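Below are two complexes that have subunit A in common, paired first with subunit B and then with subunit C.
For the complex of A and B:
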């Protein structure tokens, strides 16, 4: 019987570990927390992390090329503000405004693409620069403090209502996830991303359009950051300059947890999805623990700080684990030969 | 002359900015406010020198803002609990060194990419600080501000200490073997290893030094105000990295001077006061900072391409 690629990859080591992590989280929070595994809360878990899921999905191709995009969180802030201005100041209808916002995101990604792919500068410093630039533009446009609210009911429904029992924005994540999966694992373009990640020089000599393909990855990341911004504004009902602050870390953590090599070249979208779910459950679960205390405070009241701290530690642990597995595998090979 | 063309460009830009200010806003150069502004930038200068060394070894440390905040709160808590000023300062340096060891071990020891490692430690220290302080202001006891002397003496001490440090470091980078090792590690790690220069130890050492310098910067900041905000370090990493990159430290490692870093920082921090002096709103600070980084990066990229073509 021929197994499909999808299930084959599910059986890989990293994904199995993640399954266990998720299962352990579920058991732990069910016992320690209140009202954790209720249908309302399960939809909350996904509703509140849909934006991070989108960013993680689209960060996967970028990291596969051996690059990184630190600017996606800031770009979300800029896009949220642009969307707010388009709707509230210019009175454009939300759907067209959303399209224009996604276009703005794509242009932001284009700045990264021009510098990374065009001028061959390291993605790290380029996206650190745009990290500052995009957030700064968002702050400048809102003069530091203004925010936009009072959006129409129809638009707010995108972030707060259900479609067939599942939060509306989760459908978007599912569609984007399937598209990214198809792009990464079922097209020659996806294959070229990994070739670039293994060795850019080699990919170039093999005749791959490295510059074009790298650009597409960064522009895609920008466009989806714009989409995530629209969803965030719709969920919160407010567009502020600080939207998406720190989201780049969560997205990168989800990708690295999912077993995508930070050095580029190998990884799987399924892993990213599992990494995202593990993070989402962690974030939500901590807010449900109100019977236990830490540092003299209820865990649920410091859940945000605690989940940030755990995310940082988790990222380091996941990185260290992949390195250790690599050395062990190398040793095993050395022994056999 | 050609070797330092990058630094010269920044110097000329800085001179032009200052000249414009001298003509259009002469009160920018009023004595006391100018000294105060200069003193308030000294912590950033120390951080920028540290991060320049990290970048020269072809690594990056974006956790320095969080390290700075941790060191400041640790020193402040130590001083508030009745420790003498030198002991409190030592606590800050030790805490910084420990955080540097963590980064150094993960990057040099385990071979993990510094950007992700320091992204993780950035958040970890930041959240530890938030859990610990819950955003409270920490009042400092008497005798801490301006090292217990007058404001004028204190400011002179802060500026003097920072510049003495800069001169010593710039000299060491040029004339001591350890300085040359940093350049060698950054320009070609493998060649440095074959030459017996122990690039891993150098990288580790640079990260530890960075931590200690975060402690120094925290102390230089601490003595300038009667209290500390636990989030005082947030965003400082960008300022320091921007100063280094603008000052001509190549992000690809192995190139740059500390004098360039000084020029870069001065250019960067004077843009915002210049905006206010020209009656422009100050909200643009972060955007301009980002734009300046990108311009510096793009300039390096274009120069790199030209050099390649000449070959």
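For the complex of A and C:
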């Protein structure tokens, strides 16, 4: 395949496969589902997955360094509670409270950064610890039962209204996405992340500020988790400790589905975006399947239960296909020479 | 490149071939459960299906697999874009679901809640199984009767944030302080609407409070869970188990004498009533904030208090009558 044109420049093999997956999902759900490709439902697909999109975007640099951040979902819970307390208990206006919440997220990310970059602890262990720590803190702050609601209309609009026909929070995802794309693919900092992912020692000996750059990736992840928490609270109209539960795994799934190597070093932000879209469509589409009967069982009554199963299959199939294509291509090259 | 172009073409094809909404001409009613895994809501659904058949409507049943307020909001929003006519909703969380239900109301959809209410301005009527006070008092009265109105008791609930369960718990505590001063409340544990978790929490309660005399479970998976824990701890009869639950899930324990009393209204009737109310709203037979009574098919005339349609008084099931009920 000749590499030419703008798209080919951006798209790796894996991303082409994801395009196929998304196209197949669209056709399948349009055929089987009810009101699937309507403007209202397309809005819903992105509105309901904006938070996961944000986490996936910001997880990409972390995974590029060969790290992982399991704590972002829990940090969302903590940030949601902090936001609720700031607005409802201290009476701070939502905008300032949102800023402080993002700062709280960055501080949470800072804890990860200090342990991973400063103390050289393995990211999996560190963020597994903070995964429990942040959620536990959120539950302790609310005694598990308190929640905060009754936010102003203006604030709820962030999560529930449209801007130029597109859900307001999706604009935020677009802006964050472009920023992350620029950071990862157009700066020396971004290149250093991949260098760290290929080999930390090597990067260190090449004179790269490994500690600083690693720290930035984790702090960024924390800050964006705070932002995602604010958006989730605005969408639901309620802040409580279980916000974002399980989101970290969905975000990681999107990143890996997008072809970013879990061992670090290679991957594209475009892949992450496609992986996220593929997941978002799958989850929404399954809920829209009309009543068909298979073996006397109505599909729609089991469709939601299939979402976990199909997400897993999708991930494994997409990755297996990529590897198969790579192997085939390598063989072809070997034959020619 | 060819393959890429082809995939783009496919996407475009999908986009232009937008299918038209299926119009059956029937009223479409969305029936939302708190969670699909809970037998209580499965039984509510049965009643809803019966009402749907009677009223010749298109009923769509959905709910999160496990109790999850965020998922409930998503289902409601999807129904809004689908343009359902009526939504009948059991709310996991009062405040978050209200955000979505208000949107539904603005879109001209008739909204009825059942089992657990939303904020009053977010719905038109609430199909109320029984008043919180009625339920709470019935529970603590049975516990008091069984324990001679003295000794320690603990509560197992669904989740600590569940609004209707909390109202019942408040009623239990208020009644106990007022009428049974010799009873002592020692703790409350959430079971996340799961039997295993309830069993585990009840076991913890039993070992932490060796003098415990009664466990009161206010969510339906909590009753068999607590009973299993009491049975395995060898405290059958010494620790009384009472709670809100389905006769079918508790029959074995009641007959064995582990569980002494199960209290419930008919969830099937509740689902039936809620769908009837929603359809009546859509047909303008029931008007928001106006009714004094409401006639719901086979249930006959029911009382309306404010904007709650009251199903009736709870029933107590014990060894002698539990076989008369098949839900």
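Following the convention adopted for this analysis, the second predicted complex is superposed on the first by the 285 of 337 C-alpha atoms of A that agree within 3 Å, B and C clash if a C-alpha of one lies under 4 Å from a C-alpha of the other, contacts with A are read in each partner's own complex, and residues count from 1 in each chain.
We take it that a contact is a pair of C-beta atoms (placed from the backbone, for glycine too) under 8 Å apart; a residue touches a chain by one contact, two chains touch by 3 or more.
Just so it is clear, the model here is predicted, and its values are computed rather than measured.
Enquirer: On the A-aligned overlay, A:199 touches which partner chain: subunit B = first, subunit C = second, or both, or neither?
Expert: The answer is neither, since A:199 touches no partner chain.
Enquirer: For A:47, select first, second, both or neither according to whether it touches subunit B, subunit C, the two together, or no partner.
Expert: In the superposition, A:47 touches subunit C alone.
Enquirer: In the superposed arrangement, does A:265 touch subunit B (first), subunit C (second), both or neither?
Expert: A:265 contacts neither subunit B nor subunit C.
Enquirer: Does subunit B (first) or subunit C (second) touch A:110, or do both, or does neither?
Expert: It touches nothing on subunit B or subunit C.
Enquirer: According to the stated criteria, A:305 is in contact with first (subunit B), second (subunit C), both, or neither; which is it?
Expert: A:305: touches subunit B and subunit C.
Enquirer: Quick one: classify A:20 as touching subunit B (first), subunit C (second), both or neither.
Expert: In the superposed model, A:20 contacts subunit C only, not subunit B.
Enquirer: What is the shared patch of subunit A, the residues that subunit B and subunit C both contact?
Expert: Dual-contact residues (subunit A): 143-144, 305.
Enquirer: In the complex, go through subunit A and note every residue touching subunit C.
Expert: Interface residues on the subunit A side: 1-2, 4-5, 7-8, 11, 16, 19-20, 22-24, 26-27, 30-31, 34-38, 40-41, 43-44, 47-48, 143-145, 147, 149-150, 156, 160, 232, 235-238, 240, 243, 284, 287-288, 290, 300-301, 304-305.
Enquirer: Given the complex with subunit A, which residues does subunit C contribute to the contact?
Expert: Subunit C residues touching subunit A: 1, 3-4, 7-8, 10-11, 13-15, 17-19, 21-22, 36, 60-62, 64-65, 69-70, 73-75, 77-78, 80-83, 93, 95-96, 98-99, 103, 160-161, 166, 190.
Enquirer: Give every residue of subunit A touching subunit B within the complex, in rising order.
Expert: Touch list, subunit A to subunit B: 68, 70, 111, 115, 119-122, 124-126, 128-137, 139-140, 143-144, 246, 249, 252-253, 256, 262-263, 294-295, 302, 305-306, 308-309, 311-313, 315-316, 319-320, 323.
Enquirer: Give the list of subunit B residues in touch with subunit A in this complex.
Expert: Those in contact with subunit A are residues 60, 62, 106, 110-113, 115-117, 119-124, 126-128, 130-132, 238, 241-242, 245, 251-252, 281, 283-291, 293-294, 297-298, 300-302, 304-305.
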